[in-house]
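Input: structures, listed below.
Below, chain A partners chain B and then partners chain C, in two separate complexes.
Moving on to the complex of A and B:
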């Protein structure tokens, strides 16, 4: 064999380092450009959420439009664990992950033989069921008001304890979680599992004929994505010191879809990251100008879908390709 | 014992009976041909044999094991691969990625997230070998969706070969190929014939008569004739349809 086509996937890449450096230092420079630490916390949480979501939408091509359910379950799991079981940030976050995974795993049992519009409709239906339960099951969820007594707690770091009361401290904790999620998901999408997800997106039937257990892969990726949503939801409960039904609503579920698409989740691992950042910057920037910022964001979303369905990451890739072509000619 | 056997298969869609009563036997090391007019039920037959559809009645046996109604992935795992009449590739993957995902080791490691699928040179070398076999050397990094028609047909066969099958089903591999492409494919299949047991559905009789050890003719959902190419040349139906002349 004269040429080898093997190309090792590095564990850490340049975009990763850029992201980690730029975002990881946010509390150091955020306030000086008029931003605030809590915004950083929100952005990090939603990046985690959107990265997990994109495993389904971008990689496997499975439209889940009720994903807020698992984010919400994660938040409730965090709160309920802290209030009723044991006072530990680590274990309560783990409860969020398990909660998201269990509920998603259950839902996945009912939808993994489907795809396309039926899949989407069923995720909406299950999402609505979860939202409804959270509204009505007062004794557990606190109904419309949610769980009110959640507190931030202290993080046991073996050698020392760190209070998460301060937003900057919470930011660093959430950011550390994000780093772990990015490293793991990067590895995952370059493993045979990641390729199988993409193969299923492109041609589910052929993936089966090649020998992949399509149902089990679809089930597992939904469950994993739900677990990551639960992780993000657990962090959200810390940030908000509460868990409430609104994050499970259809429109909240829509946000993560819009973020992922605007950012370019279909063409890039980094799409959801870009999308989450753009969403929050747009919210604060547009929100400071007009109360109807969501209208303008929605229009922007439509514009992207119409003119550049590959999203911001897609536009960037085109730009790089064009420049490279010009340099070569 | 025959390598592969279909016994009294019956398949209908609603009221429409597509396979009335099909019995076929494929021997190891042979190239078996299937022919018949449009809509005769040839592709449906393949779909039943490879697990895409369950038959309404009848049995499918591979190496003495009953595989009737098993899902495609299980049948694939036993060493049966197929290509499709309508192209069925992973269009947004590169040519070599199409082969890589179809390698048995990729499938076996489908839940191993520690494994670097693109970074394993023994796997990429094997994939490159498969591509060399189907004449796609030099095209490894092209997107499958961007290949011209003839090369897509070749890749279609490559994906089937990637699983290192013991039995290979090819559904009308010459469809849409010009004379040149067909000649090249004939050469390729002549080569594959030395190492694989193959079943081919084909309209191009010249092509099939040149390659096949035995041929079955399917019409009205039944096997109406069976035999070596020489025996079939004298067959009534083959003569009536004038396809014997071409061969």
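Moving on to the complex of A and C:
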């Protein structure tokens, strides 16, 4: 995040290639180290979600603690579109994106003139409203059970059709979406718009004095983040073959915050990626030893906040800086 | 006229509920007001208080011989009073432990403190799950305050009114403590200008520890008094912390009477909406918050707070 203005940022960087190679080949090596394809799907979806979320938390410094709402709206939009409108994976995913963006855009109208803890509070309140609506509006959302008849469908690829029934195939689809999201977001945060986001994080008032329309930027970044959450939600609906209120709860919203922070979203573009991977590996690894893995994950999270709020990416940056200093001496 | 008569019982119930909500918000308010810290573990401390009280009222003392027999021989009322007195003290110490963990986040962004307490809430909830199991439990109450009475064709639960009265008394006690004792003055001064308070020779570190302990204790008392109404589950914490949060924002961060008014307002809203459209009663409070905050940025009685930056 602390790139100098003089140096042009390349479209593709080394960490990006490493990530794409390591993650893109997951179905080839995942099962041989005891993992399973569906885990890869989950990780990719949550990476997309967390990357979009970090646009707010890490880049603009806006604490949104009800972000699960837009993820959930994306999932419902996907399901409702598929069940009621038209049978197409592309269009249904697009419906998820639009759904997330519209709801986030509406919410952003109410909160974009706020800062700090009041911002956090309002996002929680709106997140809870969405969660309640999804629980209670039985005729549309199916209540607590959610939409049950969502199916994976086939993906129209112009020359051929690909079924998403198999987890490995679904993984490649989600991964392709992830590649697109990473490339776009990387470009975005290094554009003048991205610099404006960081200016708002550092000092909102000064950013205003310089001439940025702070309200509009905050509104647009929230909407964009909601759209990405909706995209992830749509993919999640495919993966789960359903959409349900649980992902909109305060707990689920908290998970994405924890991922982003543990990974180090405040200091690195890649923080959310690391965080999402750590979260799911911790869930599976700790979950296989103890039923109360959340206790240990919670303790780990507390430890990170107390001792290293910059997260894993921050610790890594410190390590690199220290080694460089040693080499120079 | 008819409508008003029909609504009267709901208003009364809403008012009682409002006092309970205010009671929940009390400990939360104290910590927010003095330490400018959103304590998301508030709900889990509430739940912990209730679980500890449940264990004090009905412990498994079969291995403790004479003491166990003597203790279980005590009347339920006496054991209830013991629980009401000691559970908050135990939880206060847990809260103090949390405050010690918190110290490294002071002076950093307010979100860090909030996130740390979120982690603590997760840890406390899981600890409760391990210790007491996930199933719904019952907190026994003495016969004197259980049961129900009928007035004007409506059934009222005795316990609800006991709890509301208890809430009212506790609110007054806390208010007297904050307004009429030197400790209260120091606490309020600490909220206003902590640096000046430190310059005047007050041990701020200890003050914060005590305030956090007090806040945790108050949430535990609320837990003991309220769980017979709301039931006792490990995740009751989330159901509690959100309304508390909401009431504080509604009333204005750092304002004592704001919290009380906010609580009563939420109680009335939930009560009345509950009478007309029960499905939506819990959601009505969020709508209330959004409406109020849209027009009054800092809540009903709020003043400018450092948490806004």
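Convention: the second predicted complex is superposed on the first by the 324 of 329 C-alpha atoms of A that agree within 3 Å, B and C clash if a C-alpha of one lies under 4 Å from a C-alpha of the other, contacts with A are read in each partner's own complex, and residues count from 1 in each chain.
We adopt the following convention: a contact is a pair of C-beta atoms (placed from the backbone, for glycine too) under 8 Å apart; a residue touches a chain by one contact, two chains touch by 3 or more.
In this text, all values refer to a predicted model and were calculated from it rather than measured experimentally.
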item	value
First, second, both or neither for A:101, with chain B first and chain C second	neither
Contacts of A:8 with chain B and chain C, given as first, second, both or neither	first
Touching partner for A:188 - first (chain B), second (chain C), both, neither	first
Partner chain(s) touched by A:211 [first = chain B, second = chain C, both, neither]	first
Chain B versus chain C as contact partner of A:220, first or second or both or neither	first
Partner chain in contact with A:136 - chain B first, chain C second, else both or neither	second
Touching partner for A:202 - first (chain B), second (chain C), both, neither	first
Chain C-contacting residues of chain A that also contact chain B	none
Interface residues, chain A side, partner chain C - complex	63, 110, 114-118, 120-122, 124-126, 128-129, 132-133, 136, 250-251, 254, 257-258, 261, 292, 294-295, 297-299, 301-302, 305-307, 309
Touching residues (chain side chain A, partner chain B) in the complex	1, 3-9, 184, 187-188, 190-196, 198-199, 202-203, 205-214, 217, 220
Sites on chain C touched by chain A in the complex	38, 101, 104-105, 108, 110-112, 114-116, 118-120, 122-123, 125-127, 129-130, 238, 242, 245-246, 249, 253, 279-280, 282-283, 286-287, 289-290, 293-294, 297, 305, 307-309
Complex contacts: residues of chain B adjacent to chain A	50, 52, 71-73, 76-77, 81-82, 84, 88-93, 96-97, 100-102, 104, 106-107, 109-121, 123-125, 127-129, 140-141, 159, 162-163
